[in-house]
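A, B, C, D, E, F and G label the chains in the order they appear, each numbered from 1.
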Amino acid sequence: MTFTFLILAVIILGSALAAALRPNLIHCALLLVVSWLGVAGFYLWAGAEFVAFAQVLVYVGALSMVVLFAVLLTRQSRAELRVDAPETRRAVWAVIAGVAVSGVIGAAVFATKWDPAPVTAPEVTVRGIGLELMGAHAAALLLLGVLLTAALLGAVVLAAPDRPEKEEKS
Amino acid sequence: METLTQLRDRIAALFPAADVVLATNPSPSAQHALRLDATHARAIATFLRDDPALQLDQCTNVTGIDWPEKEVVDVTRTTVPDPAGGAPRVVEEKTRRIEPGRLEVVYHLYSIALSHGPVVLRLVTGNRTDAVTLPSLTPVWRSAEFQEREVYDLFGIVFEGHPDLRRILMWDGFKDHPMRRDYREPDDYEWEPTPHGDVLAKAKQHYPAPAPSAPSTP
Amino acid sequence: MIAAALTPDSFLERLPVLARDTVTGLLPESWCWLAGSLLEIIAILAGFGLLFAYLTLAERKILGRIQNRPGPNRTGWFGLLQPFADGVKALTKEDVVPAGADRVLHFLAPVVLVAVSLLGFAVLPFGRHLVAVELDTAVLYFFAAGTATELAVFMAGWASHNKYSLLAAMRALAQLISYELPLLLSVVPVVLVAGTLSTTKIVAAQGGWSLGFVPHWHVFTPWGAAGFGLFMVAALAESNRSPFDLPEAESELIAGHLTEYSGFKYALFFMAEYFGMCALSGMAVTLFLGGWGAPSALLEWIPSYAWFTAKLLVLLLGFIWIRATLPRLRLDQLMKFAWKFLVPLTLLNLANAAGWSLTAGWTGPLQLVRWAVALSLVAVPFVVLGRTLSAGSAPRTYRFA
Amino acid sequence: MNASPFTNPSTGAHVRSVRSDLPGDLMEVSMGPHHPSTHGVFRMIVTLDGETIVRLKPVFGYLHRNHEKLAENTSYLGSMPYTDRLDYLNSMTNNWAYARAVEQLAGIAVPERAEYVRVILAELTRLLNHTCLAGFLMQDCGCSGTPLMYAFREREKILDLFESLSGSRMMCNYQRFGGCRVDPSADWLARARQLVEEYGPFLDEFEALLTGNEILLARTQGVGRLSAALAINAGVTGPMLRATGVNHDLRKVDGYGVYPRFQFRIPLGEHGDVYDRYMIRILEMRESLAILRQAFAGLPAGPIMNPAAKLRGFRPKVGEAYGRIEGPKGEIGFHLVSDGGPNPWRYHVRAPSFINLTILEDLCLGHTVADAVIILGSIDIVLGEVDR
Amino acid sequence: MSDPTPTNPGITETERDELRRHGILLTGLEELYNWGRSHSVWPLNFGLACCAIEMIAASMAKFDIARFGSEVFRPSPRQADLLIVSGTVTKKMAPQVVRLWNQMPEPKYCIAMGACAISGGPFKQGYNVLKGIDRFIPVDIYIPGCPPRPEALLHGLVQLQEKIRNQAIAGPDAPRHLQAEGDCNCPIPECGAHDIEPAQNGALWPKPPELVRPTKS
Amino acid sequence: MLGTGILQGLIVTAKNFVGSFHDPARYTTLEYPEVKPALPEAYRNFPFLVCDNATDPMGTLRCVACQICEKECPPQCIYIEKSRDKKPDATGKLQIYPAVFAIDTSVCMSCQICVEVCPFDAIKMDQVFEIATTDRYAALLLDRGQLTKPNAYFHTIHPTEAAEVDARLTADRQAAEEKARAAALAKAKTPAASPAPAAPVAKRDQTLESAP
Amino acid sequence: MSPLQGCLLLSAALFSVGLVIALARSNAILVLLGIELMLNAANLNFIAFWRFHSGAAPATGVIFVLFAIAVAAAEAAVGLALVIALYRHQKNLRLQEATRLRG
């Protein structure tokens, strides 16, 4: 339980909580980016360099862009970026659910007896990860590739304008 | 190309109800014009554009001209035979009349296809105040679009059938038509170090307290 | 922190390290690491700060020379103080925040941008012993650090509450996202062949010479040359330089996302652009041009950091030269260029590099075959894709009347 | 401008907020009157769908300097320096068009030498205008000044010629009714001849710099297509009209001055797009060089002014005249109405770039903002002439 | 030209000028401040009419305004220091010019280039022409000519640099934005039914000198 | 092939870059404040008044306050007031002179029409262009004293034109003298004849003759 | 409290926040982002167990996270495409109104 961990926890949770409360959609998105960065920082702290950088690349570099794009593409005016405040009833139920979940998990965490942690992080090199991926998890990697391709195609089909020939006419 | 007189006759035959007048131009340029009446102007213009012998496909220039009301002295000379049997005398009779004010639009037409021109069309409004509506020729020649807007802006001629008749050069809230001859600029006094007479008068009006010194003379 | 000494070092070679060690040696043991890091940060900041200052001047002067004029030459000797005059002015200029702007984001954007664009320098090996942070995953780190620039540009454009800025923000997002892919993909062959993500090891892999004067730089292989070209094109786009300067397209969008920035914040943007340019060029030097390696065994006595700087400057000169010559692309053409030209080429180049490393054992006539195949794998797709890309646009002949 | 509720005081280019009556994703952007690529104080209210233009309304009048009203209160001669300031790149051709209109109005003959000198100056002006246009167009395409610098490098040479002949770089005030103000010296002619010889290599260099550039080709070909029929109907003239393939050049059609004596060709485009407009101008410059060479060879001796022409107290008879010439931007004409007084009763300028703008919206629809910028650039407007 | 700033006792005015011209000597914060901004005057990329072409020409190879560090023509007023009013300001355009001026951050300067910008020039009798931009915004340098040669613009720029160098940071000579009560924004006129309203900025356009005809000298 | 056009362009810019170091045609900058532009003789900026004698500028003004330039000036930047008395001019003849002659250079558009219409060669175009100022009124309104420059100065800026003007003026003067002499002779012969008419106004050329 | 416990608690809290966002906000994009946050919380757990729990295979946790990140990216891409399609369909992003699949 180091000081660094505490700071990271505050960043991650703080920005996520702020995102939950801010009315402005762009602010929410940017705050969530901060949260993701915090998670990447956590990975770095934990010694998983490769994962941390992958997290930054994917979440900050790509996902946030797509999200912001979606925000801009689906905006009608600046005023509408201020999404409506959550309805009170739903909000209350949501908070209750959230507290319940974390309560349950927290109780479980405290109830379980954990082995003492190893002093140093397991040595994981890039080469090691590569070998693991291509060896033990080759099938999963392949499946993931297929999944990503399918997702890419699906996203293109979904987001493409309805009928291109209609556009030509107009 | 046929002469303007022939053209006038042909139009008169085709549009018997139309009132087409040949307006002669006394200057050496000899660019005579056809004065059309407002009701038939667009039909005649379309004819001029589409007639295979004319093909006046290009309306190059559109101008407004303001003719304020003015007094004209007509001199009619009559030769009166001398009752005494001498050489016949020329009697000059002067009549004064008021020429009513009017606004005029001039169109210069050329043919790119047949390389001839110009054929000048003139349209005249009834007066300068309330009867200022003329048919727009923009549906015939697109090039008239901005030019008619300009004439509307500066002269106040309203073009009926214009797709987008708004002020073009002056701002939207402007009320006057500055190219009319009787337009008076708003009093916009500028201190001039080299005062001409009218500037002096303006200056006196603007800064009455210490009257500008009289012209110093050596 | 100190790369393995490969060759006997001259005093000059070790000078920066010695200087650092001398300073840290004055401090107690426990402070050494902190002081050393701080010194490195200060050195990078000062070095690249100065480089930024003179790069702006060099850009103005070189543009001037290309345009038949001298450029700034009156502020100080030969205009050498011009960047400082600009700096003084920018610092003292009023800072205007538009009324409708998002004040926090408007302030954060330039700060984030500069911070992020500086991160990349940490893993660049400037010399044999000069790399701030030895990382096993340095290349990944470099590109991960670079991604947040897009966010900053977006923040600037969005927060300004100006339509031109917003359009610029959209353009920036689209452009940077599209060119991120070819940029990364053009690096993968190097990683593949060198078998490591560490920048120092990649440089080390390019050491040595054939015949004493043909260095084993990646750029001298078919896939390396292609990769270098593709990387530089993508780098041009990533650093928003002409002909890809769409987000701040002056003739279209006033100054794009910069429209509402004044004074020092504007200078920060400017700085970030140059830092980004330097970082990407430095990466290109590291990946393709042999890093700090000398081009010939005979020239090894010149310190390695001098070689790195020289290569970096040549690439930066290229940036300026291209800026002085080319018109700007349109957004749809930009995207088309990225997706239909660069990405396929980078993928093919990856295959090419894979083939190259698999056939590393070929010798004699097979070596010739290897070269021929690799070269044609570079040239043929380039020509074919280039044809399809520029289909329909060609110089025309005209008739006369 | 009364758009205060829409005008955002914080921005450089008056951005209006999204109008409520616009459907869905449309955004209204106002480009100008201060915008780097509007070639002066011109304004386009552009409605965008993404970056695609769905509506474009030009707004004029930010440089409406009341040229025509001033001319009604000035003598015929006094308007000559004002014509310099119409299309301030091409004062020589403006002068000529005005002089020609007055000469038609009053029936003044022009000596042969003056006609030759006018041709020389008009073709030099054409070179100047087209060179500048090419530079500005490239600037609009996003070049960082280099083509513009090269264009202005050559422009300065022509301006030096103009200055040593007429005394002013831009506002030459050189033509007079019935001739020219100063007779060019042999030394001047030699310098002009040398310039003409050096211009061809410059054009080659300029074309090497950009004409074959793939980016430029992609940017300009197929952008802003104009059909011949629309061009004629909309009164489009000059290189823009010829880029659509219509063979119409007043130098051939009207054959004014001594143009019928020269051998030259009219380059014609096919597609009527931005690239054609650019190339037609480049090719026209090469033809202008041919005309200039012939004019230098054929320049006769003799007076430069018609001795019968009056300078002061000039009062043409009642009547009117429309005189036109082929200016570098298209047909520049003056419509003069005389009531017999010392000042024209009505003085109207038929400004080519004003009328060429009629089809701006048609050209831009469906293209992007970046295209609108170069389409406007390829129309070649000068605001002094558009707004007068 | 305003009075030169108080000089250092150890160095004569001419020596100081000479050194300053080479950008070497800086005697304190004020000097540094003035040196910086006088050598980095970035004009707004803003042309109105004929003079704009000469302004562009001044930035081109033959005259090269870049030598003075001023070739950075910024398209956005936010980054510009100098507004060159180059050409006729019409009444329709006047509000936009004033608005641009207001959008520029301090310290900012204005050059009225050419007859039209100074006084309306040849077009001053026109109904839509503003008779001098100094009715609305404070003008630092007037460059007469129609249009002035590019060299004349460069000369004006040199004069402006000189003026900047002689400005005091504090006191009544201080630039507008450094004065406590100074409101740098100029009122923006509106286009009315017959004329722009107000037709001038009262703070800048006080009653002009008494209208005395120039007398025999 | 894709890229050839771009390469060609790059070669052109590279050529210019290298050329700017050795080829004067590729380095066209004049370092203005140090190197003054070589103004052509015809260059005109603002008008000035010619006087024949530098030591007595006001006494030898050629201007006779005929006010033609004031009327013809398109932007109306000239202001003239005639004197009520007459003073001898350079030739000693009594002439009206301008009591006030002011030109507002903040309005002048350098069109040279005043010079063209002046029948007395009294107003000419100056070549001074370094007149940027901080003061709109005091520095830009030129009065008679500031406007007057000697003929010698005219000779330095427009040598050809000045020589022409001088030749014409002397020829006119000689013609007038001869005429006067002839008239005097005639007068001596016929004392009843009317006195010789005033010396004709010097005419520049035919085109200047006005009809009405 | 051991580091592992801290990490797990952090993960639980992050998961809850994600859950709250996904449940309480009506904007489709925000809901998607909430889900992303929950995925991140899960990844946090993987790394925590990999780092602070002995006995796991040396790289499994890391590889699992890598897979999860990739899947999350795919999910987000499809999700945002859906959002855009939804917007095109009903001109806003309120999920409560998205009651029909065909329209």
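Everything below uses one rule, namely that a contact is a pair of C-beta atoms (placed from the backbone, for glycine too) under 8 Å apart; a residue touches a chain by one contact, two chains touch by 3 or more.
Model, not experiment: these values are computed from the prediction.
Student: Using only Cα atoms to place each chain's centre, name the chain farthest from subunit C.
Tutor: Greatest centre separation from subunit C goes to chain B.
Student: What is the chain whose Cα centre is as far as it gets from that of subunit D?
Tutor: G
Student: Approximately how many whole Å separate the CA-defined centres of subunit B and subunit C?
Tutor: Their C-alpha centroids are separated by 66 Å.
Student: Cα centroid separation between subunit B and subunit D, in whole Å?
Tutor: One centre to the other, that is 27 Å.
Student: Using Cα averages as centroids, what's the distance between subunit D and subunit E in whole Å?
Tutor: Spacing between the chain centres: roughly 31 Å.
Student: Can you check how far apart subunit A and subunit D are, centre to centre, with Cα atoms defining each centre and the answer in Å?
Tutor: The answer is 58 Å.
Student: Which residues belonging to subunit B are in contact with no fewer than two other chains?
Tutor: 169-171, 173, 178, 193-195, 215-216, 218
Student: Multi-chain contacts in subunit F: which residues touch at least two other chains?
Tutor: Within subunit F, the residues that touch at least two other chains are 2-3, 6, 9, 12-13, 16, 28-29, 74, 76, 79, 81, 99-100, 102, 104, 107, 109-111, 137, 140-141.
Student: Residues of subunit D that contact two or more other chains, please.
Tutor: In subunit D, residues 1-2, 9-12, 24, 35-36, 61, 64, 66, 69, 81-82, 85, 146, 149-150, 153, 156, 171, 209-217, 387 touch at least two other chains, as defined above.
Student: Could you pull out which subunit B residues touch subunit E in their complex?
Tutor: 169-171, 173-176, 178, 183, 185-186, 188, 190-191, 193-195, 200, 203, 207, 210, 212-213, 215-216, 218
Student: Enumerate the contact residues on subunit C facing subunit E in the complex.
Tutor: Answer in residue numbers: 60, 64, 67-77, 79, 81-82, 84-96, 250, 254-255, 258-263, 266.
Student: For subunit B, which residues are in contact with subunit D within the complex?
Tutor: Contacts found on subunit B: 25-29, 31, 57-61, 63, 65-66, 106, 108, 112, 115, 118, 120, 141-147, 154, 167-173, 178-179, 181.
Student: Flag every residue of subunit E that touches subunit D in the complex, lowest number first.
Tutor: The contact residues of subunit E facing subunit D are 45-50, 52-54, 56-57, 60-62, 75-78, 87-88, 90, 92-93, 95-96, 99-100, 102-103, 116, 122-123, 125-129, 146-147, 149, 188, 190-191.
Student: For a test of understanding, state which residues of subunit C touch subunit F in their complex under the given definition.
Tutor: 62, 65-70, 321-322, 324-326, 382-383, 386-387, 389-390
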